[in-house]
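So, here come the structures, one by one.
First chain A sits with chain B, and in the next complex the same chain sits with chain C.
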Partner chain A sequence: MARLNEEGQWIILMGFIICVGIFFLAILLNQSILVGQTTAESVIEFPKTDIQDLRSELRMLTFRYPADPGSMADSIDDITAISLYNKAAVVRILESGGQITEIHYNNGVTTYDETILWWNF
Partner chain B sequence: MKGRSYSGPDDQAVSETIGYIIIFGIMLTGIALVTLYGYPMLVQEQQNTNIRNMERNMIVLQNDLKGLTYKNVPYKETTLQVAGGTMVVFSEPGMNGGLKSNFTVDVYANGSEVLSFDTGEISYTSQDTTTRISLENGAVHTRYWSFPLGSAMLAEPRWFYDNETKTFVMSFITLNATEYFAQTGIGTVGLKLTDTDQNTYDLSAVAQKPVVHYYADPENNYNIAWRNYFNKSSLRMNYISGGGFDSSFSLDPGLQTLVIKTYNVTVISL
Partner chain C sequence: MVGDDAQLYTIEGIAASVLILTTVYLVLTTTVVFTPGETHIYDMQLEQLGSDVLAAMDNAPSWNDPNDPYPQSPLEAAIEQNQPVVFSELFLTYCNATTEERRDDLRFSANITYRNETSGQVGSKLFAGSQYNREHAVTVTRWVNIDNTGNTQPGLDLREQSVLLEVLLWRG
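The block that comes next holds the complex of A and B.
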């Protein structure tokens, strides 16, 4: 029997390694869909702009009604009602002497609390 | 043998026929194993993948509902593939006849103001009828036929109790449909927000806090899923009573404001 030529055996080995590699890639891909979805969901759900809007609106209020507590209280009531109606978010704003002191925001997913000493954005 | 040089092991007893038979035998055994065990496993795995995909699809639909209800989007459309089963819409009220799952809220806990909310649902039943996945009142449930009374919540609705302001916000999403929709394969789910309403109750002076009651349609029974959800500590609800198809919970004794939001969503296409 003639001696076998063994020089091509690496081709089989490479094939085997590539197979295992593709298998692991498939598992990874399968997982990544789920991870991507969960991440995208939590990004969508996070009410960043809602809170930013609320803060900027309140900041404007303190400039608009520095010496008119009545109008300020009315505006705060409106903001609370609109937040609840449109975004299903519970908002509580505490105010004293024309200055907003506390913001509480909760939409069921995210809770945000802030005590305002001065407006530093 | 004399004069012959040694070249490897002695192969005089090696027979081509025996080698062929051995290799052929190994091959047949391999094919038999794959057919008997491998193929059923593959089919089962395919079915599991279909069900998992559908779980994901339902969560996508739930996100659509969230967009309609909490983000003031008037219309949402999603194209999705339903494989290995059928997706149908059970419309409220009573389009498919029989009992309907519904919620009631006894606001003053004395029967003077009892609000009733029918849910309706979008439901998927797998081909082998082992699994059902359902989108009901903003939550995604799953249920196995092997455990007829059991159910689990895959994705929760957005009910919450704000402990700072002692406010409980609950939302009821009623699904309606214009037709008896059913779908397999690729299709587009169109959801439209038809109307929305909000009621706020000041309960700071009321001693008896509201009672929430869930009653399940026996054929679409997600009672355990809801009961487990209501038992979540962050909601601060207290279990009163319940059976195989219903559960009653009262809200936190410290509750001051109850907000009930209702949304009517119409399924336009499936």
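The block that comes next holds the complex of A and C.
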């Protein structure tokens, strides 16, 4: 029976350590792709500009048509209909006496609800 | 019997070769890795740029009347009076501005979506821009409030209304 050779154990140990090192680095790299991609994707998916744009338009309506509830209601109907048709977003805006009181926005991924007491941006 | 001299040299040799291999592996993978993530980041930046430009165009350059904080903006004027050339020039001026003398090469195609009040139908029409040829593009939108006076944009109702300007933006 051949005797077990105990020589060169250091070589094997080094080999192991370096193997683990490479494996660890590979996992890090692998994760880094996902991190960059998912971050960018979630930023793109979040309708930040849609909500900002909707708010600024509604704010403008309250200042432009303070004494013209008809025009304001017309514009709100436009926004509701076009949002559904073009952005697949459900928008509901409550208005009373020339003031917009509530904004509800839902595009299936993000929901945004706001009660407006004062337009402070 | 195998000679056991110079084991440290052997270890050193193997360690060095593994280091070289790891470096090569790292260098090769990093170049490949960055590509898929990058396109998303560029999209993100382009989208932000586009909506910023539209927001800037939808604000009047100056106002004096404290009771009217929202005078007509250049963007509203261009849509109301159906001036796609004015819109294109202003949009591209803002979009293609860089910190250097060189101009950027962004192109766009703009659509207007509007609602017909009598029929309740939502329609869409091409407003301005160049032809879209399957380049990688992002979409930015802006609500535009239209006055009932002097609205000569074909297809739109003659009333105070909100239309949606949709701009397809890509790098030429």
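Keep in mind that, in the parts below, the second predicted complex is superposed on the first by the 101 of 121 C-alpha atoms of A that agree within 3 Å, B and C clash if a C-alpha of one lies under 4 Å from a C-alpha of the other, contacts with A are read in each partner's own complex, and residues count from 1 in each chain.
Note that in this section a residue touches a chain if its C-beta (ideal position, glycine included) is under 8 Å from a C-beta of that chain, and two chains touch if they have at least 3 such contacts.
Predicted model, so just to flag it, every value in this text is computed and none were measured.
S.K.: Would you sort A:F24 into first (chain B), second (chain C), both or neither based on which partner it touches?
M.R.: A:F24 contacts neither chain B nor chain C.
S.K.: Touching A:N106, do we find chain B (first), chain C (second), both, or neither?
M.R.: first
S.K.: So, does A:A88 touch the first partner chain B, the second partner chain C, both, or neither?
M.R.: Touch status of A:A88: first partner only.
S.K.: Given the touch rule stated above, what does A:W118 touch, chain B (first), chain C (second), both, or neither?
M.R.: So A:W118 meets neither chain B nor chain C here.
S.K.: After superposition on the shared chain, which partner residues are touched by A:E41: those of chain B (first), chain C (second), both, or neither?
M.R.: It touches chain B and chain C both.
S.K.: Between chain B and chain C, point out the one touching more chain A residues.
M.R.: Comparing touch counts on chain A for chain B and chain C gives C.
S.K.: Mind working out whether A:D78 is in touch with chain B, chain C, both or neither, as first, second, both or neither?
M.R.: second
S.K.: Of the residues on chain A, which ones does chain B touch that chain C also touches?
M.R.: 33, 37, 41, 44, 85-87
S.K.: Name, in rising order, each residue of chain A that touches chain C in their complex.
M.R.: 5, 7-8, 10-11, 14-15, 18, 21-22, 25-26, 29, 32-33, 36-37, 40-41, 43-44, 49-50, 52-54, 56-57, 60-61, 63-65, 68, 71, 74-75, 77-79, 81-82, 85-87
S.K.: Which positions of chain A touch chain B when the two form their complex?
M.R.: Listed in rising order, the residues of chain A that touch chain B are 1, 33-34, 37, 41, 44-45, 84-88, 90, 92, 104, 106-109, 111, 113.
S.K.: Where on chain C is chain A touching in the complex?
M.R.: These residues of chain C touch chain A: 2, 4, 7, 10-11, 14-15, 18, 22, 25-26, 29-30, 33-34, 36-38, 40-41, 43-44, 47-48, 51, 55, 68-70, 113-115, 117, 120, 122, 124, 140-143, 145, 148, 159-164, 166.
S.K.: Can you list the residues on chain B that touch chain A in the complex?
M.R.: Touch list, chain B to chain A: 7-8, 11, 56, 59, 63, 66, 69-72, 158-160, 162, 164-165, 167, 169, 171, 198, 200, 259, 261.
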